[in-house]
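For reference, the structure is listed below as structure tokens.
Per-chain residue numbering starts at 1, and chain names A, B and C are given in the order in which the chains are listed.
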Amino acid sequence: MLVLMKNQSRPRSLIFDKQHLLHRLYILQQQDRHISSETIVRVAGECNMPVSQVASVVDFYSFFYREPVGQYHMLLSNCTSCGYQAGETDLLKMLCRSLNVDPGITRADGRVSISETSCIGMCDHGASMLINGIPLVGLDETKVVRIAGLVEQQMTLCQWPQDWFQITHPIRQGGMLLNNVGPPGNSLTKALSTGPGRTLDMIEYSGLRGRGGAGFSTGKKWRFCREATGDTHYVVCNADEGEPGTFKDRFLLQCHAGALFEGMAICASVIGARKGFLYLRGEYRYLLTHLQEALELQYNNNLLGCSILGHAGFDFDIEIVVGAGAYICGEESALIESLEGKPGVPRIRPPFPVTCGYLGQPTAVNNVETFIAAAYIVDHGSGVFRMSGTEHSAGSKILSISGDCRNPGIYEYAFGVSIQQVLNDCGADNAQAVQIGGPAGTLVARRDFRRRISFEDVSTGGSFLVFGENRDLLAVNQNFARFFAHESCGFCTPCRVGTRLMEGSLQKIVDGRAVAADIDEIKRLSSLIMRYSHCGLGHTAANHMLDSLKQFPDLFEERIMRQAFSPQIDLEAALETARQITHRDDADAHLD
Amino acid sequence: MAERKIKIATTSLAGCFGCHMSFLDIDEKLVLLNDRIEFNRSPFTDIKQCSPSDIGLIEGGVCNADNVRVLREFRASCAILIAVGACAITGGVPAMRNYFDLRECLEEVYLNGTGVTNPQIPSDMELPLLLDKVYPVQEVVKIDYFLPGCPPSADAFLQMLVPLLDGQKPRLATDQLHYD
Amino acid sequence: MTYESNKAIDANSITIDGETVPFDAGQTIMDAALAAKIHIPHLCHYPGLTPAGNCRLCMVEMNGESVAACVTQAQSGQQVSSNTPELNAARLAITQMLFVEGNHICPSCEKSGNCRLQAMGYYLGMLEEHFHQFNPRREIDASHSTVLLDRDRCILCDLCVRASRDIDKKNVFAIAGRGIHARLVVNTASGKLGDSNIEENDLAAKICPVGAILIRERSFDSPVGERIYDRRSISDTALTEHVPEKEVDRG
């Protein structure tokens, strides 16, 4: 007879391993405000790892620093929605000026350092920053002035106005997942009574596809993983929501963590895993305590742990690993590398993680929303799920909507909804274009707003950026190009070098120094990066350029000079340093 | 009626004249060429201004404002412009200063270097103002052909020039392609 | 796809540019090509070491898909195109990227004439570097008595990393940093080569395709005209390269 084990409380140390390299380094970074060479050597010794492995991890992730950052370390998001460029005002510059500090350089007294970082997922909260890792939202000019004052007075963050740190979760439109607040345990109970084989059949039949954006069949993935041989199997939840403009997982982690963990446990029962990981992006570290509590609750309710819900032999634990600032870790094999305490460099695929993932064992990696949808399917049946959506895109999609609209926030739609419908709902009256799926996604111009959100038409991991008619789309492209150059892992040549070259080519156009040949050059470079790079980052890094060139050719045409050739460099600017050094300003000290 | 001679102009920007020397290494073939070409502005002639020419040969990279002006004059005057040698094509050895800031370079050489007396950074209207980096010529003007090498061999010069004199497109043989 | 109707292909062969090439189970397209003496351009691959797939010069078209030959398993029915104008143009651009990313001044480099990057440029007919130079500032490590590390020329091919880890069993090198800041680091507390146990006879000290890792006092051993790529093309030398058997045994 089964013994129902209740109240298996789980010590936090097992939910969150402080010894994980990323976590150790985080603590040291907090403590010393940087990670010195001596620290690296010491950690390597303690972890019994090569010094070079620790060094390469420190150098790979954005939130580790070799030189001390300030006592107040502020990282302003540079995303087009939650970024520091608020209309005409550059809040980063303003903040730097107010605090008399240069971007990226810690002030001499060690008090403050200000820098920028890729999207921190606060796009529904206006301009935002991470201050000592904690999100501070709704930045504006007034707030900047007050922040400068608080820093100079050395007020601790708990003395700052607490509403600045308030992350709200406006659900603008709910659907099957967001409205589903059934009692905890329903899904898992059903999965366990149904049995793994039939549960998998249900997931397959439901037509559920990965919600991260790529859209691989979840059922197939689980089946491959279940059938793969290995000493053990792993479940990994990809909560590295890094695509600029996406924040729906932030909300799901905050408000639907129970469903997520149930979904992971269902996956574990199907593939035969005893261990799972939640890989949380470093930008969402503020959710860690909440997630630990949510996990403890699952353990208390015997939805995790040993003999889950009394099923002897079904043991499953979940551990949280927090990233440290690297978009590439959203790529599943890079994520696994990161889980293993290494730089997030994507692996060569095949073999795919389903056969050879974490520690070389079969691993199912899914997005937060995918697990929650799986839990829903098990609870409500695949038929109900399939009834929603389109033929090839069953169910619903949760969108993170931000940018030039009156009501940014979380929206859930059945797949197949038209872009125009979404724009109407979010109060975007004069959108000229929408970037769907983030910088790596698709730019859709007004004439195509009847297109639909679905895997067969416009696919998205959740990011939906609205660009109003006053938005400078060339500046948006520059922003995206800079993003990819910053986030390229550096492994392969076309992406490492190509994304950087792209930034330069675009700058030439923005500066008005380009000619028609430079546009051809951008097209050639785009195709090179997309066709010959190693992973998805490179494969999608130039989408925005090609889309913009196709949809908005005038943007580029009107900036180019009507001549056959123009210099690669701004020659007049190239003389500036020498003019300063020699104090010359005669005619010969200028060109053009 | 004698065939019109092809006008060739040559110059060395931030270069060492090694490419010019290599050009002269075509030895007796220069006599044959002489029937078909004449030199315009060139260190060979001491003509100071480039008038309209058929072919321009540029040795050396672009390191200062004066280089830019000369290069532009050549581009404006020459129907075909050829970048000759590693320095013209990549910046070459003079571009080794590119890994440092211009200010650092000048301070090291004129202020802080060993054996410097009367330390001061030269500033005179007569001196061409330095660019922040040494640039390949093709970053400044359109270049029609490239003749790599440090220097390109005499044969490589011939492989480039002879077809051009005949109105053909030149093509460097694989064994003549080298960067040093 | 039409390969199923292609009768020329038997169970254990692929075609490369129309030529039937046999392969053994477990071989990559690159392995099969090399065994058949077909040159697919590559810099980060060296037979006898685990392939890495980072330089992307060996990109080929396989049944309509672009893949890196060195990390793609050969499978019956694959129709591979490699020596096409389009792919060679892409390879040229990738080679140019490697040139502008680092500081490659061939006339002043000891490796000139024996450099595989340079030879790749020759093979692909590279006349100029095309892209704007990055002029990075990189650290030189002259701390070791016989092995010099000049990062200016490093192309991040990872060959020394693999050679040192898998063959020499010393794990002297690693790549650290992200994106354009990626760089070769030395696995010692000081980060200096002088504190490592690398020796001049190690594979890691000899395998560098460019002039980033040099054996000291060996430069300019062969006069101009007698260096490797003065006489031979990389398309030829690349077919005979392999980690020496004794090194493999040692590893």
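Just so it is clear, contacts are C-beta pairs under 8 Å (C-beta built on N, C-alpha and C of every residue); 3 or more make two chains touch, one makes a residue touch a chain.
Here the structure is a predicted model, which means the values were calculated and not measured.
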- Ranked by contact pairs, first place goes to A-C
- Reference subunit B; chain at largest CA-centroid distance: A
- Between subunit C and subunit B, distance of the C-alpha-averaged centres to the nearest whole Å: 33
- Note on the structure: In whole angstrom, the CA-centroid distance of subunit A from subunit B equals 50
- Message: Show the residues in subunit B shared as contacts by 2 or more other chains, in ascending order.
- Response: 133, 138-139
- Note on the structure: Residue ranges of subunit A touching at least 2 other chains are 568-569
- Message: Where in subunit C do residues touch two or more of the other chains?
- Response: 132
- subunit C residues within the subunit B interface of the complex: 99, 103-109, 112-113, 118, 121-122, 125, 127-129, 132-133, 135-138, 152, 224, 230, 233
- Note on the structure: In the complex, the residues of subunit C that touch subunit A are 51, 53-56, 59, 66, 68, 71, 73, 90, 93-94, 97-98, 100-101, 131-132, 134, 155-156, 171, 173-182, 185-191
- Under the touch definition given earlier, write down the residues of subunit B that touch subunit A in their complex. 65, 68-69, 101-103, 106, 121-123, 125, 128-133, 135, 138-142
- Item | Residues of subunit B that touch subunit C when the two form their complex | 83, 86, 89-93, 95-96, 98-100, 133, 136, 138-139, 143, 146, 148, 150, 172, 174, 177-180
- Note on the structure: Note: in the complex, subunit A contacts subunit C through residues 37, 41, 50-53, 55-56, 58-62, 326, 343, 348, 350, 485-494, 496-501, 504, 524, 528, 531-534, 568-569
